[in-house]
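Paired with subunit B in one complex and with subunit C in the other, subunit A is shared by the two complexes that follow.
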Partner chain A sequence: MDEQTPKPEPSIFERMRNRLTPDGVPADERGRMRMVMESLVLHIHPAKTDVNSMKWTYTWGLGGLSALLMTILGLTGIILINNYTPAAPQAYLDILEINSNVWFGELIRNLHHWSANLLIVVAVLHLIRVFVTGAYRPPRELNWLIGVVMLLLVVGANFTGYLLPWDQLAYWAITVGTSIISYIPLIGQWLMQLVLGGPEVGANTLLNFYSMHISFIPLAIFGLMSYHFWRVRKDGGLTLPKSSKQLDDPKPERVTTIPHLVNREFIFALGWSAAILLFAMFVPAPLEGIANPALSPNPAKAPWYFMGLQELLLHFHPLIGAIVIPSLAIIAIFTIPFFDLNLKSVGVYFRSQRGRYLTALAIGISLIATPVWVLLDEYVLNWTLWLPTWNTLISNGLIPLAVILLPVIFLDDWIAKKFQADTEERALFNAAFLFTAFIVLTLIGIYFRGPGMSLYLPWNMPVVVH
Partner chain B sequence: MNSKPYLIESLIGLGATMIIAAALGLYMLNEPARITQAQTDVLNLQLDEAMTLYAENCAVCHGLNGEGISSVPALSAPALKTMPFEELQKTIARGRYQTAMPAWSMQDGGALSAYQIDELVLLVQYGDWNKTGDRVINLGLAPLVPFITDPDPALLAEIAKLPDGATLQTAVRIFAGTCVACHGADGVGTSIAPALNDLDTREKLPEDLTRTITYGNTGTLMAGWGNTLQPEEISALVTMIKRWEEIPAGTIPAPNIPIPTTQESIALGSQLFAANCSRCHGPEGQGTPRAPSLNVKSFFVDKSDQTIQQIITNGVPGTAMPTWGDRMSEVQIQAIVGFIRQWEATAPEVATITRGGGGPPWKRNNTNTNTSLFGLLPSTNTTTYTATGQTGIQQALDWRTLVLAGIILTIAFTLISSGFSALKKQKK
Partner chain C sequence: MTDTQSPNLSRRDFLKIAWAFFGGVAALETAGVFLAYLQPRLAEGEFGSVITAGLVDDFPANSVTHIPNGRFYIVRIGDGGFLAVYHRCTHLGCTVPWDQTAQKFICPCHNSQFDQQGTVENPPAPRPLDLFALAIEDGEVKVDTGNLIQRQTYDMAQVVYP
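After this line comes the complex of A and B, so read on.
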């Protein structure tokens, strides 16, 4: 009798569950393994992961943290869009409204603000990690290029987002930041007008930046991010860390991705989410008075990640400081995988024991040389005064450039002769030297420049009251 | 892999999850209070900006504390607080016809954005007028207070000797008691009213002058005086205006109006005095062999605030007192005057001159923060904002600078020496 009773119709929940796992959860391990293989996780990760590539101290989870921050930015961004109007001055009133009239509004804005700033730091650290372990070498050159493009897009996203609160901070940082565009020869003025939608930052700029910030840039980052992940697998997974003393392959030890790698990733994401959440709860995102084109603050500074660039502008002709030097730096970063081909040192931090010492030497010298040069250029060197009849492109551009390039070339030559450094080590030395210089310049720009962009000590910084 | 491969990691994950849940819960409990607080903060922020707007645009007519000047209405009146928002907004944006109130909205040719006008309405409705007055003073925008003055008796007697002297005498007295408030001492004009002792005014027809005085000038602060003054008094004023070149300067002197001060302005004055003046005048203004005492009764009896301000601004030719007008703003100089003036109550009859202002650097009261890193050396690509003649090196070399330089140098030398020695060893 029992067998003849028709099977009861499965409930709607059972049917939904059946759609997710049509065959039920298999009883045997092999079957469960298969099920896992077909899951979403394994579209990103391989089924088995090398234990060595999961070491915290090798990747520091920087790529994963960038992805987590992008996710937080996307989610909080969507909520912010719903409470925001990209029109001046309504944009500013909307921010006030978000802070004072929306449940969790301030928290969401803080999360978005701090995640965006943290993302810049983390993305740069990720780039440094890949650089110092030589992880951009073949076959990973393409992924390096995509990563650099994404870094530029992240900076672009941050920069376009900077304007949206439409307060004094936003308005003048964007005014200073976009003025750099106008130094591009021939097309500079035209390009700046195109970006700003007019001769100066205004309602059109806000709309331009908003559209870029919520459509093109996130879409491009999302597309490239997917490709970046896929490329990691296609290129054979992460590079494997090697002890710097012995360059031979470490013994491979592979474990299943689920649960070993996935567990770690979840815990890492949870830990960082908690940290960012707590930070956003206690530290409010800055908001100044409404944008006032008639009242420029003194000093007017670009967003903090452009302060190194703005600092260069104080020392060089704009064409050299704002266009030539940054372009050369970006070209160097783009092309380095095609010059630096020593596959033996892939996965070794700073390439070799010697590489570590050379990097330490480079950072040490740069830490002293950069501030000394800034002080000299600020108070002693004055090429335009000494060579009044020369074109400023030469007297304030090429001559100072030569003055700083000569010691750099001399240092490079010195380590090559004194320590028999090879090409790879010299590239590492110079990169460490120049990058440290850039960080020092950025810090000077942020903390030591006061009214009139003069040098002040942070604790003696005068406040210009309007 | 051992049996509990992720114990620590799992605990971290659990901890993080609990932190997220607890933090979100607590945050939500606090949310209504936070929103209330945020709304108060926004109102205070807007009131703060409105006070500056008031100082820059409105104080000149509506007065230091919104009390109104002559015929301009007071804004501090309680009735205005209950006036509908839109009515106040429209009044500021579009002005009031046939009064001195112009349209302030940018759409109507004014200087203020819609947002700024809204802020000003908030100031009228919720603002604190005493705080607003302090802001106006701190920005150095205190309006001319209506004043009357006494004509100089000696010069008044001289005027009597001129033809038709009695009429001129009458006019001078009326002017000193009424018109001087806006048109200034000797009719030189002020920020709110034009000069009357110049050729342009003199060339106007007597009928026009009479009409302006009697009925006022619509759209300006000039009120109609027909109800207050007798026709013969008005005609005396017209006569005086036409013959102003005969009246000696100083007949209608400026009165002694104290420069208004606030706690902030006195603090600023004290800082600036310590940084700029104490070297020669002594830390307490008691004077040194280089410069006279300021903190003494006779100094205050002699000098009005305006006189002191003028001395600081222009210096005293032939003495060590330099011209400060090109190094300090008017606000800063007025702050110093206010600081000096508050000694008056306790100033001694006789000054005890000291060798003040010296001593080793750590004993000096260097409260000035307005110095560039190396104030000695002018910056090559920008103007420095030094309001002082003091050396910057002295102030740059405090302990924080030394600590910072020490940290940087230690890190750098550790890196260099360890890197260098290891590389050298390796080569062998």
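After this line comes the complex of A and C, so read on.
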């Protein structure tokens, strides 16, 4: 009789649960591998992962951290929209309201602000990691290019976001930043007005920036991110770390992605989320008085990530400082994978023992040479005064450019002869030298420039009261 | 099969070229529409239109008067001539205040300095302060803020007399 009674129907809740997670995480390896392959999200991973590629000290998790920050930015950005009006002066009043009258408003804004700034640092560190391990070499050139585009978009997102609070800081940083565009030959003035939606930063600019900030730029980044991840798998997974002594492949040892990789990623994301949350709880995002187009603060500085560029502007004719040098740098970064094709040292930090030494040497020389050059140019060299009849593009542009390029070329030549450095070690040396110079310029711009953009010691910085 | 020897274009090649040509034209048109759509929008009576700064007699000789909603200074030089000087620094766009004691425009951002007529006295500004077209009608000083004049030097032809 017992056999006759039908099994009780599973309840609606049980059926729902069964549909969502059919069997839970399978206990056997095979099942867990199948789970990865059948899941949309986990599908970005292979079913089994090389243990070597999971070493913390190889990737430092920098790409993953960038992705986490993008997620935080997307989530906090979408809810900020609900309390923000992209109109002047309402935007500023809305930020005040977010900071004082909206539940958790200040926390959300701080999270968005600090994640955005951290993302620039982390994405650049990720680029450096990829560069110094040679991970951009074939077949990964395309992923490098996508990465560079994403980095430019991240800077664009930061720059458009910077205007949105509509305070004095925002207004003048964007004024100074967008004025750089006007120095592009022929189309500069027109392009600047197109970006601003008028002759100066105003209500139209705010609307233009807002629409870019919440639609085109994030869509493009998220789209490219998916492609970036897919390409990592397509290119055969990550490059594998090697020590410079033993260049041959280390013995591959593969483990199942669940739980070995997934658990690590989960804990990493959780730890960083906690750290960022804590930081955002205690450190408020800056906000100054409402934007006042009639009153420029002294000094008016660009956003911190453009401070190196601003420093160049103080030393060069704007066409050279703001257009030629940055364009050359971006072209160099874009084309590196197509010049430097040595596959032998992929996965070795700094290429070789000698590469490591040369990198340290380049950083050391640059740390001394850059401040010396800034001081010389500030207080001693004055080409426009010495060559008053010359066009400033030459006296304040090409001549100072030659003054810094000659030592760079000389150094490159010297290490090639003295250390028998090969092409890839020379590329490394020059990149380390120039990048360190850029960081030093950025720090000088942030900490040593005061009123009238004169040099001061940070602890003697005068404050101008308006 | 395409006949590469044939002096005439094969039908297939012709269609290919035609498709590419009209596709390219359509793409350019779309880009043009987008650019035109994004052109700066101007409102009547605001910055960008003709602004009445005041009566000729409101401005004594050798004076500099800020007209904030027009973003310019009315400079009346010693001999009674007028200039409308845009208050935006030609270096990177900061608003340049007139320093009455120094008798100069001194930019707070990177310390460019300009004399009363807007000529550069101290770089980094690469050229004199820009001007707006100025006209005097029925004793009123009118400034067309949509008509920006960039100049490399100051010369008397820029001055307008009542």
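The criterion applied here is as follows: the second predicted complex is superposed on the first by the 438 of 466 C-alpha atoms of A that agree within 3 Å, B and C clash if a C-alpha of one lies under 4 Å from a C-alpha of the other, contacts with A are read in each partner's own complex, and residues count from 1 in each chain.
Just so we're on the same page, contacts are C-beta pairs under 8 Å (C-beta built on N, C-alpha and C of every residue); 3 or more make two chains touch, one makes a residue touch a chain.
Owing to the predicted nature of the structure, the values given are computational and were not obtained by experimental measurement.
Contacts of A:Asn204 after superposition on the shared chain: subunit C is touched, whereas subunit B is not. Touch criterion met: A:Ile267 reaches subunit B, while subunit C stays clear of it.
Which of subunit B and subunit C touches more residues of subunit A is settled by the count: it is B. Look at A:Pro318: by the touch rule set out above, it reaches subunit C but stays clear of subunit B. In the superposition on chain A, A:Ala360 contacts subunit B only, with no contact to subunit C. By the touch criterion stated above, A:Leu194 is placed in contact with subunit C alone, subunit B being left untouched. Contacts of A:Phe419 after superposition on the shared chain: subunit B is touched, whereas subunit C is not. Within the superposed three-chain model, A:Pro89 lies in touch with subunit B and out of touch with subunit C [touch as defined at top]. Shared-chain residue A:Pro297: touches subunit C; no touch with subunit B.
Within the superposed three-chain model, A:Met453 lies in touch with subunit B and with subunit C [touch as defined at top].
In the three-chain superposition model, subunit A touches both subunit B and subunit C at residues 314, 451-454, 464.
Across the complex, subunit C meets subunit A through its residues 35, 38-42, 47-48, 68, 71, 88, 91-96, 107-111, 123-124, 126, 148.
Residues 1, 5-6, 9-10, 12-13, 15-17, 19-20, 23-24, 27-28, 31, 34-35, 38-39, 41-42, 45, 49, 52, 113-115, 369-374, 377, 379-385, 395-396, 398, 400-401, 408-409, 411-416, 418-420, 422-423, 426-427 of subunit B are the ones that touch subunit A when the two sit in their complex. Listed in rising order, the residues of subunit A touching subunit B in the complex are 89, 92-93, 96, 99-101, 103-104, 106-107, 255, 260, 263-264, 266-267, 270-271, 273-274, 277-278, 281, 289-290, 314, 353-354, 356-361, 363-365, 367-368, 371, 375, 377-382, 385, 418-420, 448, 450-457, 459-462, 464, 466.
Against subunit C, the residues of subunit A that register as touching in their complex are 172, 175-176, 178-180, 193-194, 196-200, 202, 204, 208, 293-300, 313-314, 317-318, 384, 392, 396, 451-454, 464.
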